[in-house]
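Next come two complexes, and both contain chain A; in the first it sits with chain B, in the second with chain C.
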Partner chain A sequence: MHIMEGYLPLIWCIFWYAVSAPFIVYGVWRLKKVVNEHPESKPMLAVAGAFAFVLSSLKMPSVTGSCSHPTGTGFGAIIFGPGITSVISIIVLLYQALLLAHGGITTLGANVFSMGIAGPFVAYLAYKTLRGIAGFNIAVFAAATLGDLATYVTTSIQLALAFPAPVGGIMRSFLGFSCIFAITQVPLALIEGLVTMLLLRYLLALKPDVFSAFHISDKSKLAEA
Partner chain B sequence: MSELKKLSLIVALLIAIIMLLTAFVPGMIGLTPEWGGADAVAANKIGEMSDYKPWFSPLWEPPSGEIETLLFSLQAAIGAGIIGYIAGLYTGRKEKNRDQP
Partner chain C sequence: MIHSTIDTIAHTNRLRHIDTRLKVIFAITTLLITVASTSPIPPLLAFIIATILILFAAKIKLRTYLLLLLTPLFFGLVSLLLMSLFFGYADSPLYSFEILSHTFVVQKEGANMGLLVASRTLAGSACLFFLALTTPMTELFTGLRWLRIPEVVIELAMMIYRYIFLLLEEAERMWLASQMRGEGSFRTKIEVFSMLASTLFLRTIYQGEKLFVAMNSRCYDGETNSLAYQEKKTKISITALFAILLFEAVLAFVTILTRNMVLI
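After this line comes the complex of A and B, so read on.
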């Protein structure tokens, strides 16, 4: 669930557009580089985009009695890094903003930052940190789960900054929005982690060298996974 | 592939458990679940804690719940189709390589 159209004051819309813009420029540059240097990675780029498409269309019930959806961005972040994933997230967010009145154009900058930058960045870091310690399966699971959660924690921060509570300020407001977004997201994030792990294992079994050509952090380790 | 099959089973089972727990937890902790969208809940909360009025509304909204469902399903179908196509492509290539050593 993203910040709804019109639900951020203009100044914050501009702020988040400005914060997200440089990441998007970097992401487009990375995307061009990967496509030029590794044209064979195009199918996997398509899968990364498609995975985010599927997962963000699935609105699931959660423990708080309301519904939300996973993000599907951990997959792209693990294989291609957060830069390219931020570009992927724009496609998903635009589809939902324009065709489903879900999220919005004014809040696009903020939503790109939470879903396309903060989440993938956390996922990428978690994968890199855990890969050597916990093994491939757990690293992927944890990365996708934490990336999903981080997206909604970020959304809560963004709303808290724009709407501090009259009593208790930003922190109080953040706790309130976290109850709505982050707690709702916990079971969904776990499911996203499981599905991401399974899909990556499946693709690896089909094509063991599928990741080795890409510019990712630990090519050699992944090839043997 | 047998290891993968085992993993698929475990994943399916875990997801089923998570979904089942999810269905019962709200009742157990005394909530009356409405299963609405979390973003609408957040919008309500903003309305409660301030007199903020959204200053921009969506350019276009699905005219009905049915049409919204159509577009959400389309989103999932496009994604699933692409993943299936490429998984099939890789499966085909793998089999071809095995047949012609």
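After this line comes the complex of A and C, so read on.
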């Protein structure tokens, strides 16, 4: 759900940079804390960021045949928490803009808000809420799916705010944009939910102590899953 | 794969040794003026100049550049189409046609808006490509330092950059291996993808562990202390800087001049 370079007018570029800034500052503060307590987690976070980039450049199987990439936001939010995921995603989005021509520099603020902030925070909340009630698998599935959907709704809102319809205003263009995206994004969100769930299950089966390397997630809860 | 192409070109193009600051100033200012413009003229102007610089000054192959341009072109055309059909007042039709007994009306406001967005996307992408194709990422890190980005973030960014290419190779190998076993049902595809991703993540973790051991053996204590990178003292070419500023001034002037202009 990248917004292309040049798509948003200047005023909205600035607006989304400003909205994202406090979350990024919070993320950097969290990152500093984690890295100070456990210096060994820095290389881990770095390879995880590179993993996110590579994951997003792999094509996921999709029903519609359109080009679809996993965002990995749900995965990141569950393992690192939403704050650190925001910082990693701003770095990864910058690389995607410069190396893959996905997204852009002026739209970086808006893209970070939808993919690095709204997605992970929703995913994290969903995971925390459902973890105790519905069990690990369903919580992960719901978190990744809802995180993806939140990203897609946020992008639709961003586009609708920048391009309100002359008749019917923001609401109408929001419906227009979200209907167009729904065709590809809803199946994609479900697939990403499924993939994230299977991914975490394989990981825990292959190397149950893998998350202890991060010192961040509530590993006791992950371990018992 | 396209990413390694961009990175290779960034190291080998003809504008490689031009001062990074000049390239950044050019790309960012042009981008900002482009997104601020309200008529398609300044973006088109910016697009032409950036394209000329990419093709003739940096000597990027036309084929590579066109391949890169496909994405923004596609997005631009799709938004032009959608906006001209769904944006605007009903009383200003430009053209109408019928598909399956449903009348589609191309509207004036929508067509103008679509043209503006399409031209901005094209121009913005051209500026981005200019920066990406002429400047290696490592030199952009210096730029991040000027912006007072916290050191921990820059360090993370540099390490991520280092590992992207290693992991891409690994992922490509694993993906090929899975493809060699043939296409399965949708269910198998999902399973294979998940397994691939989890195995890749595990290998990533081992890489991270190895990296930490390697850094530890060089007395890593949470900071990479090194002597300040001695940059060759290069002077910014005054002529080039002047040319860039002149161009930006003209572009800004055109933007103000064409402020309320509509094409159709």
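Please note the rule applied: the second predicted complex is superposed on the first by the 179 of 225 C-alpha atoms of A that agree within 3 Å, B and C clash if a C-alpha of one lies under 4 Å from a C-alpha of the other, contacts with A are read in each partner's own complex, and residues count from 1 in each chain.
Convention: contacts are C-beta pairs under 8 Å (C-beta built on N, C-alpha and C of every residue); 3 or more make two chains touch, one makes a residue touch a chain.
Please read these numbers as outputs of a predicted model, since none were measured by experiment.
Q: A:Phe181 in the overlay: touching chain B, chain C, both, or neither? Say first, second, both or neither.
A: First partner only, chain B.
Q: So, does A:Leu190 touch the first partner chain B, the second partner chain C, both, or neither?
A: Touch status of A:Leu190: first partner only.
Q: Identify the partner contact of A:Gly135: answer first if only chain B is touched, second if only chain C is, both if each is, neither if none is.
A: neither
Q: Going by the contact rule set out at the top, does A:Ile91 touch chain B (first), chain C (second), both, or neither?
A: The answer is second: A:Ile91 touches chain C but not chain B.
Q: May I ask you to decide whether A:Leu31 touches chain B, chain C, both, or neither, giving the answer as first, second, both or neither?
A: second
Q: Is A:Pro22 contacted by the first partner chain B, the second partner chain C, both or neither?
A: neither
Q: Would you check which partner chain A:Leu10 touches, where first means chain B only, second means chain C only, and both and neither mean what they say?
A: A:Leu10 contacts both chain B and chain C.
Q: With both complexes superposed on chain A, which partner does A:Glu40 reach: first (chain B), second (chain C), both or neither?
A: In the superposition, A:Glu40 touches chain C alone.
Q: Which parts of chain A are in contact with chain B and also with chain C?
A: Touching chain B and chain C on chain A: residues 4-7, 9-10, 43-44, 46-47, 49-51, 53-55, 57-58, 60-61, 63, 95, 97-101, 104-106, 163, 165-166, 173, 176, 180, 191, 194-195, 198-199, 202-203, 206-207, 210.
Q: Write out the stretch or stretches of chain A touching chain B in their complex.
A: 1-7, 9-10, 43-44, 46-47, 49-68, 95-102, 104-106, 137, 159, 163, 165-166, 173, 176-177, 180-181, 184, 187, 190-191, 194-195, 197-199, 201-203, 205-207, 210
Q: Flag every residue of chain A that touches chain C in the complex, lowest number first.
A: So the residues of chain A in touch with chain C come to 4-10, 13, 28, 31-32, 35-36, 39-40, 42-51, 53-55, 57-58, 60-61, 63, 70, 87-88, 91-92, 94-95, 97-101, 104-106, 163, 165-167, 173, 176, 180, 191, 194-195, 198-200, 202-203, 206-207, 210, 213.
Q: Applying the document's contact rule, which stretches of chain C touch chain A when the two form their complex?
A: Those residues of chain C that touch chain A are 2-3, 6-7, 28, 31-32, 34-36, 43, 68, 71-72, 75, 79, 82-83, 86-90, 109, 113, 117, 120-125, 127-129, 131-132, 137, 140, 150, 152-153, 155-157, 159-164, 166-168, 171, 175, 186, 189-191, 193-202, 204-205, 207-209, 211-212, 215-216, 220-222.
Q: Which part of chain B faces chain A closely enough to touch in the complex?
A: 1, 4, 7-8, 11, 14-15, 18-19, 21-23, 25-26, 31-43, 45-46, 49-50, 52, 54-62, 68, 71-73, 75-76, 78-83, 86-87, 89-91, 93-94
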